[in-house]
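Following are the structures in question.
Heads up, the next two complexes both have chain A, just with different partners, chain B and then chain C.
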Partner chain A sequence: MRRLTGPSLAVCKREIYSYFVSPVAYFTIVPFLLLCGFFFYITFNYLSQRGGSETAATDLMVFAIQTMSVLLTLASPLLTMRSFAEERRAGSMELLATSPIRERDIVLGKFFASWFLVGAMLLATAPYPLFVQRYGNPDVAPILVGYLGLALLGGCLLALGLLISSLSSNQIVAGVSTLGAGLFLWMIQSLPPAAGTATLYGTLREIAVYMSLQQHLTGFSQGVVAVKSLVYYLSFISVCLYLTTVSSASFRWK
Partner chain B sequence: MIEAEGLTKRYGSYLGIEEVSFKIEAGEAVGLLGPNGAGKTTTLRILTCAMSATSGRASVAGYDLFKESMQARRHIGYLPETPPLYPEMTVAAYLRFAASIKGVEPRRIAGRIDDAVELCGLEEMRKRVVGHLSKGYRQRVGIAQALIHEPKAVVLDEPTSGLDPAQIVEIRGLVQRLGHQDRAVLLTTHILAEAQASCGRLLVINRGRIAADIRLNAAGEAVSIQTEKNAPPLLSEGSVVVAARPFDEAMEARLRQIPGAVSVRRASKESALEIQEEEPAWLVEAEPGTDIRGACAATVVEAGGELLKLAPARPSLERIFLNLTQQEAA
Partner chain C sequence: MNRSSDRRRFVLVCLLLSFGMLIAAGVGWAFGGFRSLAFHLPFWTSAVGVGAVVLWGRDQLADLFTGRAAAHGAAAVFSAAAAVGIAAMLNAIAASRFDIHWDSTEDKVFTLSEQTHAVLDSLTENAEIVGFFPSDPEATRYNDGLYADHLLTLYRRASNGKIDFEMVDPYLSPRRAQEYGILHEGVAAFKMAGRIERTSSLTEADFTAALLKLSRGETPAVYFLVNHGERSLADPNETGYTSVEVGLMKQNYSVEPLDLRRAPVRVPADAAAVVIAGPREPFLASELNALDQYVDRGGRVMALLDPINEDKLENLRTWLKKRSGADIQNAAVIDSRYNYSADPFFMSAQLEPHHQITATLHQSIRSVPFPLASPVVFEANVDYAPLASSGSEAPQSWIENDLATAPPAYEPGKGDVGGPVLMAAAVEGRGENGARFALFGDSDFASNQLYAYGGDLFLYTVNWLTRQKDLIAIPPRDPTQRVLRRPGSQGERVAFVAIAVFLAPALFSIVGIAVWLWRR
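And then the complex of A and B:
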């Protein structure tokens, strides 16, 4: 990934502007925060009734980070579904396509804008762990690393959403497909384990589980930055963004 | 400033445009005129890098569109058929964005916005949200966007389509103000009157091919018409219509003798030019740059004939346009 340069920074700023002017940003951030808050509330309540064990607060945070990742899966399609599909339908893509800006810079600008929004959403959840901090005594490192994991996972979902949006001229189709793909990448970690040891199913399952975005988050939420997870997230983002560039450029050649 | 050479675009097996070639110099305003589906938008989209051609070459401001696309794009301003707007942005924010992705230096952006806003009559609209503007104003914002980086080539796709008559007049005026010494303007339309009002030259496109290259005078009348590239012109500059008595072979032969006269034809409704005179008349074509009117008059008089009419040949553009675009369809 590269630095944002002039034109891609302009694209990025414009996207952020549009997120906030069209109410997409609020429609995404507000429900996300409410659901996170609601979830923290019930879990916190449950744990405090069970009588504060030593690790209760830490467990709460691990669980919270997993839940937030699912909420991100639900929220991120809202941020990316319009990006290419709607611009193509409305004709504003012609402005970008005929300006002296590379395809790659358009894609990066859009990606960083949506990532910025996810960052803002995650930052806005900060009061919840601070609250837990006051009443329990969770480890701080896993929380910070967990948030890093969430940000990376969000990046993956957004890059995937951009790719899907670049393949379509219909934002609804793009949004629903992104949601489906995101949920799929969440659920494949729950494939039942193989019966024997070295079966074909076993191998496929291993691969499928490795592909799951949430599966890699587990390590982060426990405060461990595993190299293979980091590599997976970053390559996932890069590959999706690269394919988005190719797909977006291919419209010129039709 | 804008050069196209053998541009061909295939949509699958369908031929969108075929072997389109032309050259537009700085200072010219050219109308690309043709019926629906002729290939106007296809041509413009190729010239603005929105789409690639199947074959052929094109350049803008000396930069090859396919090899030096980034440099070329800096010099192109484009208004597509639907203005490429973001409805949620304000006019000022939109123009600022357009300027920055078109590569205008940051310190010059504010000044460029002021200029474009003033030229396009958008002063009152700066703070308005684009999506709330009327169609005519949206079109102006689209034109302002196409001018924001002071491009050497401005390309407008049907700038007045779908507007009411008052707005059509205003947009036409705006288009006329765009042209200047070192800029080429290319616009499409299927309305002849519009092309005549805004352009000094027309390229008639029909079924994906350039059917004619017509030069107009300030009054919007055709002064020269070239149909095929290497064929003799249908009408050349300085051609005159001569009506004289007697209208016979001998007189026709004398007119042929005039130095500078390329050809003498009987003007008739049947020919492609459809020059229709009350009296039987000849169409005398002149070599470019020569004025043969005096010689024509002298020839007729010297031969003892009566000169009834001597006038520059001004065929009806309407008829020519219909002829050129309907021939094949029939």
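And then the complex of A and C:
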């Protein structure tokens, strides 16, 4: 991934502005926060009523982070489905293609704008750990690591959404496809069990489970940063953004 | 024209397929190794694809890259495939050859102890571990399997290639289960040089103990003397020592009773240590003679003697004093400062931080309850290492010689000696063969009732006696409690719901409505 430079920063600002002046941001953020808050509250209630659990504060934050990851999977298509599909439909893709801005800057600008929005969504959940701090004694570092994992997972989902949006001229198709791909990369960890990890199916299943976005989040949510998970998330984002650049560049020579 | 176009398409498909299969082979190699089908299948498919292009599509290969759109298209496809390939290889390497984690938890929940690292470093042979757990998420022990998988991953990572493991579903692979003698699910089988060790307890201590036992290839025997009213290994009640037996067996010891009143009157040759735990009846001369011979051979003796009203252990005390230099007196140690009970004789013995037995223990617990303890007194010329003492000076702590009168009072004129008072000590290098002694003025601390507090002190002492240094350093896991309490008042609960559930969505809704109105 590259640093945000002048042209991409300009695109990023324009995208953030367009997010917040259109209903998209609010129709994504408000239900996301309502559902997160609701699940957090009922889980807090349940765990604090049990009384005897010595890991209740840890369990609550692990659950909250896992819940947020599922809701992010559902919400991210709303943020990315119109990114390129809408440009294609409205005919502004020709303008972009003939402008002096390079495809790479356009893609990075759009990606960082949507990532900014996800960051804002996650920041708005800050009261949860603060509540856990007030009513218990959580381990702070794993919570921060969990949020880092969520941010990276969000980045992957957004990069995937941008790629799919760049392949379609219909934003509904792009949104539904992104949702399907996101759910697939979540559910892939639930493949039928293998008799053993040393068999062919066992190895293939291990590879499939490794490709699951949520599987890598498990370590982050528990406070463990694994190099392989960092490599997976960052390479996933990089490849998706590169493919998006290639896909949008094809508009010039097709 | 059409045939040429078809052939060009065929060449492109073959090349892309070959490239993809080559990436898949790389990933298969990283996860399954060179000999796995996951490597061979895509690798040879890729080779067939390249061969097909060479045989039938050489001329069309050049056509692919001529013409503006074709050249752009081919370049785009290949650069995209290269990006995916590089990412796949990076991940394969990171997953299989560069497995590094950072554990951010305060208690290092996901990190192996230094002791386990020491054991792994000392392994001279490779070990294979097979976890037999159900792979059906609905199964009761499915989560145990996930935990075992996580723990074994840590072992594999720390072993520098000496350990490999796989998880096997005993219901889907009954033959593997049979091979390892597995009768039920939820067992980890450790195999080294043909020897197999199984454990159904999924803790780091158990896994490390299994590896240690395999690497040593032996089971040290600890003998407990019987027939003098000692603590019973078979007594599951509060005063019994069944927990001690279980604890020792978990650390690879075989635990046996030893009756020196029956022939042959001698300590078995395989005795790694002899424990005299709270005797009340006198010892025969022949028994002490057998112990003498054992100590002469460099034996290891752990003696735990409580104060008793009618002392019948004079000959044992004399023998201990002669052989170890320690006089475990029939008196009581009082420490009112560290007495957390209504019983005036109860006290908590303060552990010494510097001895090998207590150093690690001292990091997590500073004291061990000694409900009624005798003083351990040494003459000036004896070299010994203190393990536990009373933590105060007179008049809070002293040696009370009058066991019959309660409450006890510090009376220096009647022979009471002021504290701090030694209650446990270790002595080594006695005699020509370097016998070792661990001397305790209490045997209650390791009883079933207090095992949770004093069990480790007992086990660490046996480990030291039998020179099992690598087991001594296992730090007991004492994770920080992270409980949650409910909001106290009704107002607090309402504020909780309002802030946690509604505040942020409400703020974003207000901003959204304001923007909508402004846009209109």
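The rule is simple: the second predicted complex is superposed on the first by the 250 of 254 C-alpha atoms of A that agree within 3 Å, B and C clash if a C-alpha of one lies under 4 Å from a C-alpha of the other, contacts with A are read in each partner's own complex, and residues count from 1 in each chain.
The rule is short, and it goes like this: a contact is a pair of C-beta atoms (placed from the backbone, for glycine too) under 8 Å apart; a residue touches a chain by one contact, two chains touch by 3 or more.
Just so it is clear, the model here is predicted, and its values are computed rather than measured.
**Student:** Following the overlay on chain A, give me a clash-or-fit verdict for chain B and chain C.
**Tutor:** Superposition result for chain B and chain C: fit.
**Student:** After the superposition on A, what does A:91 contact: first (chain B), second (chain C), both or neither?
**Tutor:** In the superposition, A:91 touches chain B alone.
**Student:** Looking at the overlay, does A:223 come into contact with chain B only (first), chain C only (second), both, or neither?
**Tutor:** A:223 contacts chain C only, not chain B.
**Student:** So which one touches more of the residues on chain A, chain B or chain C?
**Tutor:** Result: the larger residue contact count on chain A belongs to C.
**Student:** Have a look at where A:18 lands relative to chain B and chain C in the superposition and call it first, second, both or neither.
**Tutor:** Only chain B is touched by A:18; chain C is not.
**Student:** Between chain B and chain C, once the two complexes are placed on the common chain, what is the minimum CA to CA distance in Å?
**Tutor:** 6
**Student:** Identify the overlap between the chain B-contacting and the chain C-contacting residues of chain A.
**Tutor:** 21, 253-254
**Student:** Which of the residues in chain C come into contact with chain A in the complex?
**Tutor:** 27-28, 31-32, 36-38, 41, 68-69, 72-73, 76, 79-80, 83-84, 87, 90-91, 94-95, 98-107, 109-110, 134-137, 166-169, 172-173, 176, 479-487, 496-497, 499-505, 508-509, 511-512, 515-516, 519
**Student:** Give every residue of chain B touching chain A within the complex, in rising order.
**Tutor:** 11, 48-52, 70-71, 73-74, 76, 78, 80-89, 93, 97-98, 100-103, 145
**Student:** Can you list the chain A residues touching chain C in their complex?
**Tutor:** By the definition above, chain A touches chain C via 20-21, 23, 25-26, 29-31, 33-34, 37-38, 40-41, 44-45, 47-49, 53-58, 60, 124-125, 127-128, 131-132, 135-139, 141-142, 144-145, 190, 193-198, 200, 202-204, 206-207, 210, 219, 222-228, 231-232, 235-236, 238-239, 242-243, 246, 249-250, 253-254.
**Student:** Give every residue of chain A touching chain B within the complex, in rising order.
**Tutor:** So the residues of chain A in touch with chain B come to 6-7, 10-11, 13-14, 17-18, 21-22, 90-102, 252-254.
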